[in-house]
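Presented sequentially are two complexes of chain A, the first with chain B as partner and the second with chain C.
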Partner chain A sequence: MRSVGAARAATAGVWLLLTICPLALGEWRLAQLAQIMSYGIFAMSLAFVWGQTGLLCFGQAIFFGTGAYAMALITKGLLPALGDGPAMGLLAATVLPGLGALLAGMLMFRGRGLSGAYFAIVTLAAAVIAERAASHWDFIGGFNGLLDVPPLRYGFGRGRVELLATTPVYYAMLGAAGAVYGLLLWLERSPVGTALRAVRDNEQRTAYFGFDIAAYKSFSLALSGAVAGLAGGLFVTQFGFVSPALIGVPLSTEVLIWTALGGREVLLAAFLGALGVRSAESALSKALGDYWLLGLGLSFIASVVIFPRGLLGGLLSLPLPRRMVGGGDPRPSRART
Partner chain B sequence: MTRPLLQVCEVTKDFGGLRVLRGVTLSIGAGELRCIIGPNGCGKTTLFNVITGAFSPTSGTVWFRGAQITHRPPHAISRLGIVRKFQVPGVYPTLAVAENLEIPLLSRPGIGGPWSLLRTGGRAAARSRELLTRFGLRPQAARAAAALPHGQKQWLEIAMLIASEANVLLLDEPTAGMSATETLATVALIRELQQEHGIAALVIEHDMTFVRRLDCPVTVMLRGSVLFEGSYAQVQAHPEVREAYLGHAARA
Partner chain C sequence: MAAVLLIALDAANFTLALLLVTLGLVIIFGLMNVINMAHGELFLLGAYTVVLVERRGGSFWVALLLAPLALAVAGLLIEELVIRHVYRRFIDTILATWGLSISLKQAVIVVFGPTAQQVENPLPQTVTILTTLYPGYRLFIMAVAVLLALGTFFLFYRTRLGLVARAVIANRPMAASLGLNTRRMDRMTFAFGAALAGLAGAVMAPLMSVDPQMGVGFLIPAFLSILVGGTGSLLGTVLGTTLIASAGTVVASVWTQIAAQLVVFGLAIVVIRLFPRGLTGGRRG
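Coming up: the complex of A and B.
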């Protein structure tokens, strides 16, 4: 058995490696990695709502896409009332999907509420509708989407400087990923996290202990939506272009694959799942052509059947918080579900 | 006479054309124990479902501490101090033992949603370690509950019930699948909960040894109604009860 410190060391090692990447990678690869990092944040949002709370969301890209569109509309100055600042853009990209998710959650989970496959089906349908709606809405560019979204800028008013050099962009993205990771990890390890996992394991039982299940599920979906929206907002500043493809079913399915492959119960595993699959895709999809998709699908099925905790979930699963075990802290050995 | 803690008045429950409960009336005082026995399908578990809010009764009312709780949602009823244990061990399989115990410790009055929990959650830790030690589960604190042997799972669940600071426990066959020794230990534990913590308990049980050992008033149910109430000895002596429930085993 691995020592208790292994997961901690591996977690620290991953972040250290990501921090020194600019020393080792060339300009182009670093820019790629910075862009992929928004997918990593996106995957963490799904790991939170799916891995921790047990809500298999098939429409996660709705939040990502809404964030991307919000950021694009504001920084392109199409919503003059809100200015054209990147801070306002990111705020809207986070708050708008978050509020939307909260409202949707309150609607879906009240009373007996939706759970399991029914929730998955409703979110899948919602993703189809969102993609259709986005491609027919002229204000947001319809089928063609919005082009020339400006890159990240910092500073205020006329003193704003565009963030064009690769290394600062990379560190901005790494900072955002680190902040999201820290916030979600803190919540996961707080009593709220225990309650969310209890909802995941047995809703009925948790209700009988006095927890308002609908409130916890809505909270989780709202936070996940906000994080996915932030990821979308960050993505579009680097990609420079937003289209209905960012809001629909294909991207929602992709993020499910990244998260499941990495490990849905562990934030960092899901993050690395996204980074790994996207990096591999850019390297292998030219060589393998359409076989790449076949391989990805097969490895997804294999991971669900053979490694339900994902390829990295076991390695990166941190020991229980100190408050629960006091003195010694043996690592949790979670059962396969 | 003092007002009963929990009172079920003339409760009827229909599922479509099927009447599962027919005007059940039952009460339990603070710190009292009561066993409910009856053949399978007589409505014992349905009665628990009505009390805990899982089902709304077709007619009749449920009262707790003089307030009506009929038609309230399960989480609201639970927060009043009515806590239920299921037939299947109700532990959370993928959560570590310590996490399992944290859940009931967090479920205090006023803690409904995540925001209130963020403010007050940390207080549970010391109590959790104390209970783990008391039930001999400390060495297993970080193991997944699914990995515990059956007996220890039951103990964990009972520790969770104590942690919830319930006023009334609803125990649905608490000794199902237990060995004779574990069953006796469970009797002692329910007695201890009653005497030391003043926790009342309503127990559905099939194991007549258990019912005799618990030595408390017994309610016999048959086809959705209360057939008889009395002590274990009275129940054993009652001819209809013998016929309906104890059957051949009692005659032998």
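Coming up: the complex of A and C.
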């Protein structure tokens, strides 16, 4: 049971470390960490739909990109009917991809739906379509995308203040990441999460137990899409631009790599995978040039072959919820008498 | 009339080129139950073999012979180093080969740079078909593809080796317990599929701008062809490829290339949703 305690301690330690980062890091590094926090949230969205539900999505960036475009359009005031508030922006960035994912999920999973590899290939094709469509749609900036997206703001109307100082921005991003983590972890450990893992491990058997497989899968995809969209919305406030590259295959691939390297079955491992790879990339990619992506690809293969649970998955894997410990129902069965 | 004939010829040309890529993919999938996401990059390596040979002063025809051989060797290596470790983990084969796809593409960028390379057309003559002038090299590609497809069919349905392969596809444990060496079949299958992809890349090189992104451009249509046609038989693959490639060519000729891609991918997704076993798999099954 020692390792179980270790996972809890490590999880708490990671969040504690992230909380005290502003004390230890310089301005520039902290700003950078705040920026890649949106990638971390994005990776958690994939870890949920893939690691918990078993849906290998090759088009996760579709949701991220949709959220990013929604946020950019609204905060730049291009959709006057919706105002230009950041709250409305983030709401749209979350709801729009979430609803899109729900619809797509219901279309794909109802009846004898798509599963396994077919889902992967269909989402890959969808990512290509999304990228092509975005780069030829002039309203959202076409090939160049949208530039000069304002940063996070708070307050209303003319009294609105832009959130520019590094430390508050960092805590805003960390707060968002923590909230997403809390929500997804709670779901994962609730009976719903158990059902999702049952779907992942054996779809047919779960269906025989009377669970509505399509509904569970659609729900998982929708939630994951909403979280990815939120990540995209936060991304644009940090980087200030959105382009078709954010909605297509390359970013979908990257998030897959972060999640797989960190650990697909553990939310925090995927989150740290994204943070780790992005930090390493900003530190090394200039020195390594084209070799960086080559090395990343090779280490991805190695991790899939040698560590299917990711580099951190084992370390950070939390113990099962208490209701599931021990063999079945601990209460004496009444049915037997 | 001439325009229609031209579109028909172009459609046939694209169909046959796509068929070369798809055949390797479907054989690997059928026999080994491996979704080879790196197949586009094997195609890419075939094309770059031509670039390399021509840089060294070799002729195109030498390269055309060398490409499938080189790719067969590459296929053996890949099977040994990566694929065989993930056989029993179906989803992980997708990930591992996707990683392979990234790495191979990036390796090509490291060696040749990201810019497009040109390969000279080895048969610049045009041929008159009815009333239309058509490039001779495209006819050559069609001939190669037809021959290879027929050769593959012959191999699978008329030889002992093909019988063994089909036995492994139908029931692997049974084939193994009857004493067939499934391990050797896997190796040969992957090498054969890689060689087909390599040859396709080499033969297509003079028609395309040879750049590191060309693999993905063939991978997705190839996968969609397989899923649309059904994974059960090679004939389903031919049907799927014909549909995807012809639809693409026709839409592109009346509209734009981009529109063609959007329409074809979108329609393919709908077909796959309605017929999860492919058009030849029947609605029930």
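Definition applied: the second predicted complex is superposed on the first by the 322 of 337 C-alpha atoms of A that agree within 3 Å, B and C clash if a C-alpha of one lies under 4 Å from a C-alpha of the other, contacts with A are read in each partner's own complex, and residues count from 1 in each chain.
The rule we apply is simple: a residue touches a chain if its C-beta (ideal position, glycine included) is under 8 Å from a C-beta of that chain, and two chains touch if they have at least 3 such contacts.
What you are looking at is a predicted structure, and each value in this text was computed from that prediction instead of being measured.
Residue contacts after overlaying the shared chain place A:Ile20 against neither chain B nor chain C. In the superposed model, A:Val128 makes contact with chain C only, not with chain B. In the overlay built on the shared chain, the residue A:His136 is in contact with chain C alone; chain B does not reach it. Looking at the shared chain after the overlay, A:Ala287 reaches neither chain B nor chain C. Against chain A, the residues of chain C that register as touching in their complex are 35, 82, 85-86, 89-92, 94-96, 98-100, 102-103, 106-107, 109-110, 216, 220, 223-224, 227, 258, 261-262, 265-266, 268-269, 272-273, 276. Contacts from chain B toward chain A in the complex involve residues 52, 54, 73-76, 78-79, 83-84, 86, 90, 92-96, 98-99, 102-104, 106-109, 111-114, 117-118, 121-122, 124-125, 128-129, 141-147, 164. Here chain A touches chain B in the complex through residues 190-192, 194-195, 197-198, 200-202, 204-213, 215-216, 219, 319-320, 323-326, 329-335, 337, going by the rule given at the top.
Every residue of chain A that touches chain C in the complex is listed here, in rising order: 54, 56, 107-108, 112-114, 116-118, 120-122, 124-126, 128-129, 132-133, 136, 249, 253, 256-257, 260, 290-291, 293-294, 296-298, 300-301, 304-305, 308.
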